[in-house]
Structures are given as C-alpha cells and as structure tokens.
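Structures given as structure tokens follow.
There are two complexes below, and they share chain A, which is joined by chain B in the first and by chain C in the second.
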Partner chain A sequence: MNIRQYLPAAVFLGALVAVQLVISLTGAAFYFTQITMSFYYTIVVIGLCLLMGYAGQISLGHAGFFSIGAYMQAMLTTHDFSSIIHSSWDEVFKNVSQIFGTVEWYELIPEKIGAILGIPVKLFVGLGDIFGMFVPGTDGFGNGILSYAPSAALFISLLTAIGIACLIGLPVLRLKGHYLAMATLGFGIIISTIVFGTKLFGEADGISRVPAFHLVGPLSINGGMADRTVNYYIAGIILFIVLIVSMHIVASRVGRALRAIHGNEQAAGSLGINAMRYKLGVFVLSALFAAIAGVFLVHYNGSIGTSETSVLKSVRYVSIVAAGGMDSIWGVVAMSMGLNFVSLRGYFGSFDEIFFALILVVTMLFLPRGLFRKEYLEVVIKKTRRLTRRMVLKRKLEKKGIVFANKKKDDEK
Partner chain B sequence: MLTIRNLQSGYHKLRVLKGVSVHVGENEIVTVIGPNGAGKSTLLMTVAGILKPFAGTVTFDNTDLESFSAEKRVEAGCVLVPEGRRVFSTLTVKENLELGAFLRSGKNEKSAIQQDIERMYSLFPVLQKRMKQMAGTLSGGEQQMLAIARALMSRPKLLMMDEPSMGIAPIIVSQIFKTISMLREEGLSVLLVEQNAKKALSIADRGYVLETGQIVVSGSREELLENHDVGRAYLGKDYSTIDE
Partner chain C sequence: MSDAVILEAQGLNKHFGGLHAVRDVWFSVQKGKIKSIIGPNGAGKTTLFNLLSGAIPADSGRVMFKGELISSKKPYAIAALGMARTYQTTRLFEHMTVLENIMAGRHIKTKAGFIASALRLPWTLREESDCKKKSRELLTFFSLGEFIDETAQNLAFGIKRKVECARACALEPDILLLDEPAAGLNIYETKELSQLICRIRDLGITILLVEHDMSMVMDISDEILVLNEGAVLAEGLPREIQKNPDVIRVYLGEDEC
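On to the complex of A and B.
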C-alpha cells in the first residue's frame, strides 16, 4: 500500500466529520439514525464485495450470516440464563432439546457427559462470574434475569458465525456458478426457517429489549436520542476499520491470489495457489463481517425482526455489490451508503424490494461493471473538458468578430 | 531430473495414459509429440499434480512426487505452463508476474522478486512495454510469453510447457523457442509437449512420440528426424508418394 491508496481513506474520514457537522448545524439529527444503520449494512456489503468482486464466488446467503450474528447476540443478551445456571447438566440438555424441537435427542446423549467432563454447571458459571460473563437485567415484565454481557455475547456470536461459515463453506465452495448461488440461497432459507420456528429466537416476533453495549467510558452502542451523534461516529469508525482491513487484503498477495482464482482456478493452482483454502478464507471473512454488522446493529436498534433473515435481504446485498462495481471497494461503499440510506428513509415506499431487484437487472443489462468506475469518470471528465474548451474557443472567436456558421443553416443551403 | 515410470492416468474411469515412461535429464530439453487425443496434456497435468495417476511413479530430483499436492510440486521446482495460456486476463501483466512468485513470500524475497521481474522484462521486452496493461488485452503470442514468464517467476528447475505454439504466429513461436533454448543454457530443464513436431524437434535434445496413450517411438532428435514413420506422420515428408 502506498500513500495514494490511503487517500480515499482520508477522504472517508473527512466526509464522516463533514456530514456530521452539516447535519448537526442544520438541526436534522434524525438523519443520523439511517446513516448509522447504513454504515452497518455497508460492512456486510464490503465482505460480499471481497467474496464476489475479488474471489468471484457468489453468495445469496449473507443475510443468513448477518442474522446469525444479530440473533445470537440478541438472544444471549436478553434470554434468562439463571435457571440453567442453577441446574444440573441433565436438565440443561433437557432444556436445550425443548428449545430446538420435540425430538428428545438429549436422551441419546450419554447421561453422565457432565460427569465425564467433570465440570459441574456451577463451576462453568463460576468461571463466567469471574470474567463477568453474566450480567443481571430485567425482562419485559420487570422480572430480574441473568443474561450474557454484550462483550461475552459478542465473542460467542462471532465464533458461531465463523464456525457455521466453515461448516457451510467447505462443501459449498466446491460448487461453481449457478450451483454455488443455489446452495448459498438454500442456506439463507434454512437460517430463515430456523429463526421462524425457534422459540428461543422469538419466532415471528423477533427479539426486542436488547440492552445497550457499553464500550469504554461513556461510549455505548444504543438507539437513544442523546447518543445519536456518538453512535454515528462509533459505526463510522467500525466501518472504517473494516475498510482498512479489506483494502490491505486486496492490495496484498492474498488479494492477488483471490483475483487469480477469480480469473482461472486451474491456472492459479498451477502457480501453487491453494484455491480451496483461499476461497474458504474469504468466505469465512465475509461471513464474519456480516456477523459483526449484525451484532452491532442489533444493539443499535435494540431489537431484531425476521425480515432481516429474508432471502430478499441477501438479494439486496448482492445487487448493491453489483451496482457498485463488484471489485471496486469504494464504489461499493458509496453505492451501499446511498442506496441503504434512501431505502431506510423510505423513499422507495412499499416498492423497496422491487427497486433493488430492478437495480440488479438494470446493472446486469447495461452496466455489468457497475456504476462507479474510473473509466466512466474519465470519460465524463474528458467530455466536459472538450466541451468547455470548445465554448471558450467559440467565445474568443466571437469577440474577434468571427461567427461560426450554424450547422443547421449549412444543411438548409 | 524427472523420471516417469509406467504412468497410467486419465479422467474418472477413462484411462488415457496406458503405461508411459519418460525421462528428462538435467539441463535437457525433451519433447513429447503426438496427435490430438494421444494424452500429451494428460501426461503434463498428472506430473503437475492436477490429475491423480492410476498407477506408476513420478520421481523428481530423486523424490517420489506421489504425496505432493500441486502446490508442493511448484515449490519443489516443477512448474507447468498450461495449455491455451490461461493468463489472468483481468489482472495487469505485472500482477500476473507477481502471482508467478506466489510461493516465494519470505522477508528478503521482495527485492529478489523485483529483480526477477526485471529479468523477465529483459527476456521478453514486449512485456515491459505492456506492464500496466490488462493481460486479457495482449495478443496470443504476448500472452504465451507472459504465461512462460509467469511460470519462470517461481524459479523452477523443470519447466513443463503444453503446446506453446498453439494459435500463435510462426515468427513469434520461433522467438519463444529461441528464448527457451537460451534458458536451457542457464540450467533449466524443459519438458515440451507439442503437436508442431517440426518446431519442437528443432530445439529438443530428445523426443518421444505418444500415440493413444503409449510411447511408440523415442530417441534423440536426429533419430526422430530420420525415422521414416515419424517423418511421414508428423513432419509432412513423403506425402507425394502416398497420393500416388
């Protein structure tokens, strides 16, 4: 990376401050909410940009990874774990099996698994107490509950997402093209179905009352009116870090390997690039980005609903990446911020999903390389420069008394 | 350097190579010629580790390559220039070259890689001119040069080339072959697979003729050039007598 590559990053930080100042000065602070949410969605899109634009592997299941992060975080920070803490392992298994369905599969597990491991539940929890893993709170009815601290939940949520991405990625990434799209689409539907059918995840109601995520000092991620500006900056900085990480990956030899795999997997192999390892790596990384976005956004919104798991959300991410230019991170970021903001403000009304589908179709038909491309910008600059030069020349000549014959008049003659 | 013994290989259940033995010595150019479908590319892909052999052994530098993955084989110094060039068309010429040195990632390698890139530019001056161009916009001959240069970037001991003359102007083919013999002078071994037998035999020390998965003739360049059957089938000699 040289200094020129950092320029867009500096511009990003500058724009972050400039937008904040403009909004604060004009007193339209309500815009912060949508911009902050757009920041988080953009993190998902950047991960997908690495996967699709650079490595050339499509995923129609990224709403799934977003949901894994968001739902795990919401569940862990709102569910009451106090009864589990004080029960035996046997009861824990019983409860877990009840959560996930009617089949009493816990009976299949050796009864004495806890004893075999030699770890009583209390000790497990005791460790949790030492590290401050559990914090007291209240549920919707004012009853006291004991649930995971957001920071502990963060690790569990992200690890879950990474684990599932590895499990899914290994078999699925052997597929190519349409088949990969279909397989990831199926994954998205599975996640959506699990969420809809699981009591723990609130079924169709989603999960609400997600507490604030206290970072350091007075900084906390929450949707409160007073913290709007702070949260705008927190989200902006998280996005910024993700951006820097992604840019470094793209510019490194790993980035080159990804593009080589995109170009031709067999040729990449003949150069000693282990295609499967890199494909899996970037798949897991993009899933991790999506989960990070989910984790933080759920704290910001304070709740999560089933619409986030919908397949159409995945389609939306894909269409943003396509419209932004696939392998141009900054184009994708600009496109994501613009489209997400407009969509969240509700300008598309009830045609929201149709609009994103339309964008995908139009992009594929007319702008297969995306809207924000250097080449297009160069053409525009060249054209305007030529036009202004011609105007200036014309004016100069007119001053000297030379008037150009109009082309139309020539034709009439 | 490379010893292939009784190699049997193919795709799924289809056996293409039916027991092929080929030897490439140190600092030697060996060519395998043969018609379409003889198994020439299959042979190279098996040696490169892209295909798994059914039977037989491949020994490189006195080590059995059986347990080596494709990446390991590149690391060991046995690299393939695939058929039809396969350059990364959306990457620039320079990025293609850098990818060739993918497995060389040590701390002191950066300047060495840069030096090697310069060396490739001196071997193929046209690549320097096209340095920042997308590889997909190069002509066929230039792409072939790039593919060879890219393979050389891993500093191989053995370069395997699959039909480098395919679809390229004859004058460029001669130029490429001249560069290959030059590289041999510097200590490179080459296994060259070709349909263009005349061109291949012009630079090779020895050659094998592969037909339907079996070696039918082998010998030194002179022997092959004088062999009546080879001459008629691959070098276009004696055709007038057949017509009559």
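On to the complex of A and C.
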C-alpha cells in the first residue's frame, strides 16, 4: 500500500545487518547472546504494546504467558514420555501414578478422578506417537528417553497458551482499570505458584537440558558458540515478522477498533464494535507473542528458571511499554532492546528490578506518554527545518549584498 | 410505505434507585421522518435514548426496531442492525484523526479481522481504500473536508459535534438518534445544523432528535413527543404541541413565569 510505512521495517533490517557486522568485525561476539535474548523479550513487549498502548487494557500477568510457552516447551522436549506411550490402557486405569507420578499435587486428586484424568493424557500422548511426534534423546544420567520433537512441542505449547489466554481473558477483560491489573496480577502469581509446586516443571530448579530446535537445513536454535551469529539472525527475523504483523494490525480496521475501544468503549459499542471480542482477540494475540518468545528463548538458553515466572518480570514488561511510549511500536522496540540489553549485561547489578520499577514511576510522573513520541520528533524536525531554511535564505541574500540587521536591534530603533 | 413504523417503544420503564426516570413510555417513529423529543432538564430524554440504544437495560417494556425485538440486545448488535446515535457530551475518539473517527464508524460496513489484517490480504487493502474513499465523501457531505487529518482533541467544540454526527452517519444507519446536537452552538451553527439534519433525512435516514432549541425543533420536526418527569405529556405535530396547554404550562411557559 504505502511504501513509507515499511521504511522503519527496512531500517530495522539494515540495523540488524549493520550491528552484526560491527560486532563480528570488532570481535565482540559475546554481545550476540544478550542481543539475541533481548530480541525474544522484545516480542513479549510488542504484544503488550498492542494490548496496553492500542486497546488500553493493562496486563500484569504476561510473564505468566511467557512462562507457559517456555515451561511447556521445556517440559515437552525433556520429559520422558516412554512410560505413558508404552503403558497399556489397563495400566492407565490401575497405575495412574505412573502417568501423573511426577506431579506432586497429584496426591490431592482422588484416585478415581485421577484415573479419569489419565485417559485424555494417554489418548493425547498416544495420538502424538501415531503422528511421530516423539524423538529419542537422553536424560541427565545418559538414559534413553522419548520426548516431543521441538516442532510438535511448539504447537502444543502455543495452543496451550492460546487456550489459557481465552479462559482467563473472557472473565477478566470484563474488568476495567486497576481491577483488571489486579486480576492479571493474580493470574501471574498462580502460574508462578503452579510452576514452583510441580515436579513436572522442575519446581524451584526449573528445567535444563532443553535440546536444540532444528529448523531447516543447518539452521538450529541453540546457545552453542558456533551458532551464535546464526541465532542472532534467527531471533532478529522472528522479531521482524512479529513486528510486521503488529504493524499491519495497527494500521487496519482491527487496529482502529482497538484504538476506538481505548478512546471510548461505549461510543465504540454504539458504532457496532464488539468491544469484548476485540479485547479478547488482542489479549490472546499478546499472550501468543509472549508464548512464542518463551518457546524460542528456552531453546536458545537451553534452560528455564522460576525467575521468569516472577511478577517482577511482568512489571518489567509493563514499564518498558510505558517508557517506550505505549502506542508507538518502534519506540517500544527501541526501549526494549536498549533496556533488556543493558539489564542482561548486568550493568544494573543487584538494582536490576529496582531500576525497572523506577523507570515505571518516573515515566508515569514526568512522561506519561513515553519517551519516544512521534510528536517530539516532529517538533525537532520542524525546528531544524525552519532553522536551515532561514540560514539558506540569509546566505542567499547576503550574496546579493543585502545584509540583515539583527532583528533585536531593529526593534530597539 | 411512508408511514411504516421503524422504531417503537412499548411501555418502557427505568428506575434509578427511588427515581422513576422513565415511566411507561409508549411511542413510535415513522420511517423517513424527523421526530423530536423535548422536555425540561431531567425529564428522562437521555435515559430514554440509552434504553432505545441498549446502553442501559430497561426495568420493563420492550423496544421494537424494524419489526425485531431489540430490548435484550447489546448496543453493538443494535448498532449493527442500523441504529446510530450521538451523545449529549461528545464522545469522539480523541487521539484519532477525524478521518480515523469516521472510518471507525464504518466498522460494520467492513470485514477484515485479526488474521486477514495481520497477513494484509489483498482484499483487506481494497476494503481499506474503499472505506477511506467513502469516509472522505461523507466528510465532504458534512463540509468537514478541511479537518480531515486533524486529531479530534484539537477540534473546536462545534466541529466536534459535527464530526460525531458524521461518524454516526458513517454506519449508514436506518435511524439516527441525536442527543442535543445544537447544545453549545451559536445561531449560525444551529441554522447550519438544522439544514444538515434535513439533508440527512433526505438521504433516507429516519431521525430521532432530543433538543432544547425550540425554534429548531418546531422548524424541522415532523412530529414531537413531550416528556415530563419521565412520562409522556403530549405527542403530536409541532403546531399542536405549541398550542397544547399542558406543554405550555410545564415547558414552554417556564420562561414566562
């Protein structure tokens, strides 16, 4: 449609290559790790930017969706499913603990209900086996295991995140303002608690030994030194796709409906806009973005820890969106890349979380519309343009021998 | 078919705590006409609009629109059936431009959803440029062309009123509910608005108007409904209402006392 619309995207791609070249040429390849991780975190932030900046709905639970993606992916690709695959239906009913044995709170579930719960699990895993979703691997002790292939796990993880987002979003998005903030905060805490209390998810230790995710040909998502540059590009391209999709949505009928809901929900309703549907849609989309980031980052890092589920992470995402300018995607991306990189390099030391909380407070107090605003840029451009035009004019006139007296002196006369 | 009923209120009631804001209101609006609702402050006119458009639920009574029962429907569904409205205090999308406001008004006339928009399918681009073209035409109809790229929050009060009216018309509704569109306008603007309302009517859009400006109401209305303390006090042609002693007593006579 409009070529100029894609200009920032082109700049992004150019910067992607330029940064890679600079880093490779200066031999500072260790920077790639933090930049790559920042790319993934930025995907979470973009989703939140759509939800908060455009639709005007807050979420303090997006670390939860990130964790659902990351933990599901890690669990599915590292857990040994062979016992479930090989257990007969008889065993499913008789010895359910074999299936649920790794879930600590399973003991709280009455045996009969547990047996019934075993059926869908056995069915699901069995079906996956038929479709060849499992690949052999080894656990930490060198024993052979059967786990989901990363590509199969990807679909299951993302669908889980979408499903949970729908279930949570439907009741929660009826709330407004700080009620919505508190409800989503509660959701984040619940996810964090479940992860902490479930053996399947490694409890306080998290999950490690997540295998590499082979994409096509030699491309593979992993944290190995050899693949550092490739992974920088893979993450950059995934972020790029998320950016393009988000830009398209923002500039479409859907984006308009979201902003209308943000502007005045009742007026939007009187125009035939089904606010609940759009709010749910953008909530699920932002949850999906967060889960996508989680899924890929867990393969890149090779592990996931409980700190990712923390509410402080959710606060961090929100503060980045606020500081980046809420409804300016590129501002938010720039802010996210900068802050995440600096934070991951450890420049904030033990003040990391405090720093992000501080950013939130300072932004809300002094720059409620964020740091990177188009308006600010426009003012600067206008001023410099006026200045240069005046200077050019002055020089032209001076050439013709007309000298301008200073305006102030004129006035004094 | 000119006297076909398009909108009908059947015994509407609404209480706010102990206040009976709308009492057993029956009336109907004929297709293609301009019907006005007048009444002193607090008579329940806005509340009645909210009941008709589904913004608040009625305690009892029914609303029929184009032969369909709409009283239990959500506002967005009622709007999609062809009912548009404006608000007593304008409710524009302040951070959007005038054009974007109008295009948002064409929501039900367009289809692109999340997935089609994300992928920017070719038909969504066609739909978008068509929507933009129709919105521009509408702005020209409302003589708002010069404000097209202005952000709504920067507009003068009178212009905001007009933009809100244009946004409601963007739905291409069958009926348009206007809540005090002339409030805060000067005489010239009011006169222009009267003409505009007649032109909208000429497009085939039925109009239900709440207004305090008597000369305007008497001028353009085909029929008038008078509300007082939530109940219907009188209903009839403008000249009948002007002569009605009850109306003169509670409403028109107020100034003379």
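Side notes on the structure shown:
As a convention for this text, the second predicted complex is superposed on the first by the 333 of 413 C-alpha atoms of A that agree within 3 Å, B and C clash if a C-alpha of one lies under 4 Å from a C-alpha of the other, contacts with A are read in each partner's own complex, and residues count from 1 in each chain.
Simple rule for what comes next: a residue touches a chain if its C-beta (ideal position, glycine included) is under 8 Å from a C-beta of that chain, and two chains touch if they have at least 3 such contacts.
Since this is a predicted model, take the numbers as computed values, not measurements.
Legend: residue contacts after superposition of the two complexes on their common chain; A:Leu358 is shown touching neither chain B nor chain C. Look at A:Ala260: by the touch rule set out above, it reaches both chain B and chain C. Of the two partner chains placed by the overlay, chain B and chain C both lie in contact with A:Gly272. Of the two partner chains, neither chain B nor chain C is touched by A:Ala18.
Measured by the number of chain A residues touched, the leading partner among chain B and chain C is C. In the superposed pair of complexes, A:Leu170 makes contact with neither chain B nor chain C. Residues 253, 256-257, 259-260, 262-264, 266-274 of chain A contact both chain B in one complex and chain C in the other. Interface of chain C with chain A (complex): residues 53, 55, 74-77, 79-80, 84-85, 87, 91-96, 100, 103-105, 107-108, 110-114, 117-120, 124-125, 127-129, 131, 167-168, 170-171.
Chain contact summary for the complex, chain A toward chain C: residues 1, 245, 248-249, 252-257, 259-260, 262-264, 266-275, 281, 285, 327.
Those residues of chain B that touch chain A in the shared complex are 48, 50, 69-71, 74-75, 79-82, 86-91, 95, 98-100, 102-103, 105, 150-151, 154. Interface residues of chain A, counted against chain B in their complex, comprise 253, 256-257, 259-260, 262-264, 266-274.
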